[in-house]
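Each remark here refers to the structure printed beneath this line.
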Amino acid sequence: MTTSLNVEALRQAFPVLNQFVYNKPLVYLDNAATTQKPYSVIKRVQQYYEHENCNIHRGVHYLSQQATEAFENSRKYIAGLINASHSHEIIFTRGTTESVNLVASSLGKLLMKQGDRVLITGMEHHSNLIPWQQICHENGTQLLVARINDVGETDLDHYKYLLEQGPKIVAITHISNALGTINPVKEMIHLAHTFNIPVLVDGAQSVAHMQVDMQDLDCDFFVFSGHKVYAPMGVGVLYGKESWLEKMPPYQFGGEMVDQVSFEKTTYNSLPFKFEAGTPNVGAVLGLETALRFVEKTGFEAIAAYENELLAYGHQQLGTIEGMRFIGQAAKKAAVISFLVGNIHPYDLGTLLDKMGIAVRTGHHCAQPLMDRFQIPGTVRASFALYNTFEEIDKLTEAVRRAVTMLS
Amino acid sequence: MTTSLNVEALRQAFPVLNQFVYNKPLVYLDNAATTQKPYSVIKRVQQYYEHENCNIHRGVHYLSQQATEAFENSRKYIAGLINASHSHEIIFTRGTTESVNLVASSLGKLLMKQGDRVLITGMEHHSNLIPWQQICHENGTQLLVARINDVGETDLDHYKYLLEQGPKIVAITHISNALGTINPVKEMIHLAHTFNIPVLVDGAQSVAHMQVDMQDLDCDFFVFSGHKVYAPMGVGVLYGKESWLEKMPPYQFGGEMVDQVSFEKTTYNSLPFKFEAGTPNVGAVLGLETALRFVEKTGFEAIAAYENELLAYGHQQLGTIEGMRFIGQAAKKAAVISFLVGNIHPYDLGTLLDKMGIAVRTGHHCAQPLMDRFQIPGTVRASFALYNTFEEIDKLTEAVRRAVTMLS
Amino acid sequence: MTIEAIQQQIIEEFSAFDDWMDKYNLLIEMGKDTPLIDAQYKTNNHLITGCQSRVWLHAKYKDGKIYFTADSDAVITKGIVNILIRVLSGQSPEDILKADLSYIDNIGLKEHLSPTRSNGLVSMIKQIKLYAQVYKLKMDN
Amino acid sequence: MTIEAIQQQIIEEFSAFDDWMDKYNLLIEMGKDTPLIDAQYKTNNHLITGCQSRVWLHAKYKDGKIYFTADSDAVITKGIVNILIRVLSGQSPEDILKADLSYIDNIGLKEHLSPTRSNGLVSMIKQIKLYAQVYKLKMDN
């Protein structure tokens, strides 16, 4: 196996990876839940609080102005990285969940009337499902849900059929956190646009694994969380096309998002501030910039190539275990392996893996309807990041084998 | 002047205070905007990311369980500190602004119908004004606004008069960020309760300066931001009485806040999770606990006593400047001095103070209607924290004097 | 047997093993024991959702004592269910209410009773204590 | 005079001073100059809100050149307004559009033109360039 990543060197940059649990070196395979942070990111946040901390915007003093500039430079950098047309198309939020809720509420108010519907896929994370379900509920409707086939891919024919039912908004995940499936979002966006329907892409699982390009995808909204791409918790991004964001009403109220305020009436500030109510998480935004620079420097292509090798090796190794059932075997898959062994409950498997120092996630992965689709209570999920190794996959395989023996 | 705080020692704990701006030692008097963080808080967050980082809840592996326990222990600690009845009455949010928006939206849905109104005071921060204005607007009404008298106190007679107009919710600030006025919230809450009206208290400016006690105040909701009480940005608290929180509908959707999800229907998780959608900011919550422990250990009474001395000294010293106009001279005031000198524009004054190394805030302090009330464009605001010194007030006074000479 | 006596017995059973693997093997064996609950009670009515694993609990009151049967879909959870039931079933409401469950710590299985584990066990214990409370009230009246 | 020549002049005026205080004294003096705008134009119509300080701007087109007058309620902002107007008023739309304002850096007043300063200056410059664009289009047609 060859790779252009120097993984051993990369691992040195991530302090958590040196942890021991139950006296065993930690094998961290829960990256789809959250990634670990490199020193550079931790240091950036620390440096902010030790030397630069200040509330931003409207401050005329030095610290405030420096912090504001750093914050706005992060916005510009991120806009450039994902190839947005304008930096004010980047709205900082608390995370993917807040980003989706913001769009559901605000775009919902703009576009949706009684009887209108939203189209999603059958593999959405609850965060890209319940907000839309709620809007539909308020309109007296139900979600339109594109079917998932047996290997865990979106059924594109069914998707097209549902587009013809005239949903007002489409919301789809880029990569399934539970299955690893990479949706053909570019094609799905193009299809929706032929019906003039705006599309939100849930990129929570994609940004750490591939370069995303807003011009190329042409999505109307793209959302992701910092903590899933090596950045601190408490910050996320909402990218939205200027033309939509300009038209949409504000979501939260207070702080910097206003222009003129009287007790009778309030007029709102321009983009991006209209959507950034209250003191932003400046430190985390700077950390997010540092994290994304780290990923960019490591190289999106090199990361994807390496993670693909890990994925292939993982399938191959785990596949040698008797009774192994992979849940989700899409042709295009990112760094996630969801599985069950025989009739063993995922909770039992996860508990024993933990005792052997291996951190995987078990359960429904906030995608209950998807589990229902496969008629399973949940899965064991191993999810990879750029710092995982082939040796760790060997350890995982060995541990699963041992746990299965104990449980059989 | 005597004080039981060892301020010089305390200052050593705050790295930002050692900054130089324009080659002058920083005099940081913008604490009402945000406070600086002690090493212990910065270290706690760093340690979290270096050794404990993990997504919490539902993880069966060791790191996740440790992080979940630490997170839930922070909740318990905070519940104890502010004397809540149950720890599930503590909801973690992004900050005061989000907390108010949550209550306005959710309690609004529960209680408010067409024609219903909300009562606030004339000194509210935009974050505790615009969300309520928005709700009133949707109901075709206007806010009821309790008048402010000439020294910057809430006119209690007018407040009582407005209570009789039958508002459905009362939302009042504990301490005005622009004037420093301490509202008699306990009395105001009691009055509102005689009409069976629930009260939200905006505690953004109070938690760093006094001990708050939910049983004693008997408020229905209390909200504050971590970053104003020596904690990191990106975390805030919503305290709500269980009886209200149980009845209120969720605000954001996704992640941990659900129980059962199908495409047709979702049932919600119990408190506090019902209101905590998406990955929480674990690191910042742990930092908030550390910050509050630091404040508790330093001693609420000692802090209040010392800051009162600073305040008195500041009034006295600045009062020697010709043309000095204090905006807000309430009988009960916390660590804020808002002022103007003659007809000098606050922006000019702030700009020159900055050049002398003194960080104050200028402008309307997100309280435009309050500025209109006093018919001023804004003020210069010096706001104190436990680490400020009498020498810094001397420097401020000297700098104001010098700037005034330049500008006259 | 008293609650304390049974607890002591269980602690001894586990103390034979130093290694976590052996402990878990024992736990799994206990979990594999014939179902502890009558099939007719394994319904949604008796279900305690724990998100990760599900627990069913049934209570019967007779002659001043409460008899519990329970089950889980995960075998490790079931093992602990077994341990808890052995201790608490057939006891008086008062004794159940007073029962100290920290013996689970001594066995080294503490983490399974963490409220953050979402395996249904914490809710099951709550439910057991609730039953005890209800029957105690009934007895007192 | 060309834009560059005036800029050079202003840079020289300021270069006499090393100390920030002297620079600001000069700036304040410039700001105190008789109002740069006719009272009739100091209306909301000509107002550029900058949140911290307000700026009024008026433009008049004559013989291929644009003449700006402006004012601010804060004297330091007004000083910078003055400096900008001296350079840009009476110039052709094309020259205004091309104008490089980085001379403000050389004077050491850069921070005042930061988009984050919310003193209305950035919006004023935008507005000036917009006028220039509009008049250029008119000329071209």
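Letters A, B, C and D mark the chains as written, and numbering starts fresh at 1 in each.
One rule holds in what follows: a contact is a pair of C-beta atoms (placed from the backbone, for glycine too) under 8 Å apart; a residue touches a chain by one contact, two chains touch by 3 or more.
Every value quoted in this text rests on a predicted model; they were computed, and no experiment measured them.
With every chain reduced to the mean of its CA atoms, the largest distance from chain C is reached by D. When the interfaces A-D and A-C are ranked by C-beta pairs in contact, the top one is A-C. Our note on geometry: chain A versus chain D, Cα centroid distance of 46 Å, whole angstroms.
Chain centres here are Cα means. That of chain A falls 31 Å from that of chain B. The centroid of the Cα atoms in chain A and the matching centroid in chain C are 39 Å apart.
Averaged Cα coordinates give chain C a centre that lies 79 Å from the centre of chain D.
In chain B, the residues that touch at least two other chains are 22, 58, 60, 260, 347, 351, 362-363.
For chain D, the set of residues touching two or more other chains reads 51-52, 119.
Interface residues of chain B, counted against chain D in their complex, comprise 22, 345-348, 351-352, 355, 362-364, 377-378, 406-407. Those residues of chain D lying in contact with chain B across their complex are 20-21, 24-25, 28, 51-54, 73-77, 119. Residues of chain C that touch chain B in their complex: 49, 51-52, 111, 114-119.
Considering their complex, residues 15-16, 19, 21-22, 26, 28, 30, 33-34, 36-37, 41-42, 45-46, 49-55, 58-64, 94-98, 100-101, 104, 122, 125-131, 133-134, 142-143, 145, 225, 227, 232-235, 252-256, 258, 260-264, 266, 277-284, 347, 350-351, 353-354, 358-363, 366, 368-369, 372 of chain A touch chain B. Those residues of chain B that touch chain C in the complex are listed here as 56-58, 60, 65, 68-69, 72, 259-260.
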